[in-house]
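Look at the two complexes coming up: chain A is in both, with chain B in one and chain C in the other.
And then the complex of A and B:
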């Protein structure tokens, strides 16, 4: 109950930021909320289904590059036209990569998803016309003005939270948890577990695509470095930091990490070492994340 | 493609595959016996290459760099196992991935702080600075021949150690059932430390040998890490033989990809991996 109330307060506070019109805070909190969507979508796989995927940044990237391509080459800008195409692109990639990767299990799955992420990273990086390692500008952005973009991101976050809540409380969500706990048993109960896992993978990939779309729309810029395996690792860390297997955990993690990243960058040039130390500390001393800390106090 | 060019590419592919085998064999053994997926394995390759650059710039000798660097890296591996990896044996894959990912970030910063972001060249030993003619138009640098021979020698030594020594017997036993090994009264803690530090030394050695061929640059470990993952996926986890064939396949497809499909060279390797996955989801040896 208290958790619900706190989340509503948080949502209203985030909404209020939108009315300030302040350039820095719109960009900063917009980025943080995109991080929330990205991390929540991954948690569907990691925390609920028990699939440690390192392909998540790839779907983020595909959707972002699609937006850049549509805007620059076809003059398609309006979100009504571009959003469905970008999401479909991410979903299609998730079907292909998921179908191949899910043939492997356990630690093979982790390595295969990593390999496909790197493959796409090299494609973005090497393919002619995609701007190489410098990336691409999105000539015309789907949302006019920062404030509009910010409200779009806020609405997306609320919708994604509601959709995931619905999915997780549906029989489908319970089946996913069952697969994490004991896939063998779920199979013998008659659940076609490979299909369940693929559907979860595609939902998560599509939502990651949504995060990528919003990111490209907010910044007007796409860069292959943001879509490599480091980014996949970072979002995985966001989930663990906040607390896997909860929806509010990834939100906490993404907000906190955005702050750490921003102020860490100002504090030292070696802020990546800070992040590294933080990851190690969280794994060793806080395996249930910040959300686990709160539950322990309850 | 002329015959001699084809031959040259085959040699280059085999040589690249051999270097990759040194890295991937450590990765696959550490996973097979310790049960830990180590993302920092590529960092050991990178640190080895930087050590080779740094020591050989100081002493003028790559051999000195290898002789000093290998014990240094083996000790680093020992420390990393004792301080960090040892806490992961009973943890899930997510914790392993993230903790070793944190190590990658730390090692990358260490490299940046110590050596900066520049690309450095490393001289091949002067004794090997000549080229061997190959057919009428092509030639092969002698250092590449030496590297390939060194890798083959190390692989042969590894085979002897694993098949013929008591340590190797324990490693094989550990790979098939670590709990049983422990129950039989063998100190697996020592075995795990030794194996991890040997894996670290192998990756570092590959980095040192590769330094004159590829130059030394930030992020070089990550490329190799991902390629080694592909090798292990193709070969089957825990299998040295699988890693060997996987490494050859990856080395050759990468080299020929660069010649035949320059724009999509990097995708070639992953296409091979996808094909193997479709036919044998647990790898060639699995």
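And then the complex of A and C:
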């Protein structure tokens, strides 16, 4: 109950930021909310299904680059046209990468997903037509003005939260938890678990694509670092920091990391080390992440 | 109902199941006995698709299912339980059974998980209705074994493979499970691996004795009890 009330307050506060029109805060909180969507989508795999994927940045990046390509080469800008195409691109990539990497399990799955992320990073980094390591500008952005983009991001966050909540309470979500706990048992009960895992992977990848799309729309800029393992690792840390296996955990983690990243950067160039220290502290002292703090009072 | 033909499974040099040809008639309780390491669990794993046969065939209702996956065999009506209780510790008893029943429905992403009549029947049949809200990990060992059977029943199998359902149970709990098995077997076929000879001889229609991965003898409980070879090779160990 407390948790739900806190989430509503948080959503309203984020909505209120949209009315300030303040350039910095719109960009800053917009980025934080994109981080929330990105991390929640990964938690569907890590926290619920028990799949630690390092390919998540790939879907973020593919969708972002698709938006740049559509806008720069085809003059397609309107979200009505570009959003479905970018999401379909991310979903397609997730089908292919998921289909191949889910043949491996455990640490091998992690390695295969990492390999895909690296492959795409070098592909985009080394292709001059794609802007190389400098990245690309999105000539015309799908949302006119920062405030519109901010409200679009806010709506996306609310919708993604609601959809994931629904999915997790549906039989499908229960089956994912069953797979995490004991996949062999689920198979002998008749669940085609490879198919369940692939569907979860594709849902998560598509939502990561949504985050990438919103990111490119907000900043008007894409670059190959979005594909990198660093980005994949950071979103995994976000999930662990916030608390895996919950939806509000990744939200808390993403908000916290956005703040640490921004203010840490001003405070020290070694802010990465700061995040590292934070993760170590949380893993040691709060095994259920920041979400564990909310639960304790629930 | 189910037939095996020269079924073999090797682990390196060891032939855990070594040329087993058996046929299991529908509607009967078939017991599988034998000393530890005889290959009973391995045989069940071959029948349920969890292990791949090194050679030989398995036929279900005349159809070759040797290389089917466990989930496919489950949807064809083969349900199994494990030698150690293998329930979802984090979920409540009712949730475990509901989850099992969901395996028969198509993948549903958005609809609410509701109560399913099959799941309710399975809970009732296994005497767990009053314990439904308790986490599986907090149930007694005997109740976990009942829950294990309830989960399998919720998938509405026509053939049950049970691996030592009485292992580790006290006398009263074992009695309860035996009564449950009798009830469950009324309209199903059952292949039962069990060490408790009293239970086996009281409920089985046929008994197959497995030693060193091979079939030593097969017959009615009376015939097996009377068999000298079986007594020497196996029963003798337990009744000196």
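We take it that the second predicted complex is superposed on the first by the 296 of 298 C-alpha atoms of A that agree within 3 Å, B and C clash if a C-alpha of one lies under 4 Å from a C-alpha of the other, contacts with A are read in each partner's own complex, and residues count from 1 in each chain.
In this section, contacts are C-beta pairs under 8 Å (C-beta built on N, C-alpha and C of every residue); 3 or more make two chains touch, one makes a residue touch a chain.
What you see is a predicted model, and the numbers here were worked out from it, not measured in a lab.
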>> With the two structures overlaid on chain A, would chain B and chain C clash, or do they fit side by side?
In response: fit
> Which holds for A:23: it touches chain B only (first), chain C only (second), both, or neither?
Replying inline: neither
>> One more residue to check, A:195. First (chain B), second (chain C), both or neither?
In response: second
>> Comparing chain B against chain C, which has contacts with more of the residues in chain A?
In response: B
> Touching A:229 in the superposition: chain B (first), chain C (second), both, neither?
Replying inline: first
>> For A:184 in the superposed arrangement: first (chain B), second (chain C), both or neither?
In response: second
>> Contact-wise, after the overlay, does A:170 reach chain B, chain C, both or neither (first, second, both, neither)?
In response: second
> Anyone got the angle at chain A's C-alpha centre between chain B and chain C, nearest 10 degrees?
Replying inline: 80
> So after superposition, what is the minimum Cα distance from chain B to chain C, given in Å?
Replying inline: 14
> Given the complex with chain B, which residues does chain A contribute to the contact?
Replying inline: 46, 52, 54, 100, 103-108, 110-112, 114-116, 118-119, 122-123, 126-128, 229, 233, 236-237, 240, 244, 270, 272-273, 275-280, 282-284, 287
>> Can you tell me which positions in chain B touch chain A when the two form their complex?
In response: 31, 37, 39, 84, 87, 91, 93-95, 97-99, 101-106, 108-110, 112-113, 222, 226, 229-230, 232-233, 237, 263-267, 269-270, 273-274, 277-278, 281-283
> Which bits of chain C are touching chain A when the two form their complex?
Replying inline: 48, 50, 69-72, 74-75, 79-80, 82, 86, 88-91, 95, 98-100, 102-105, 107-113, 151-152, 155
>> Using the touch definition from the top, list the residues of chain A that touch chain C in their complex.
In response: 166-167, 169-172, 174-175, 177-178, 181-182, 184-193, 195-196, 199, 203
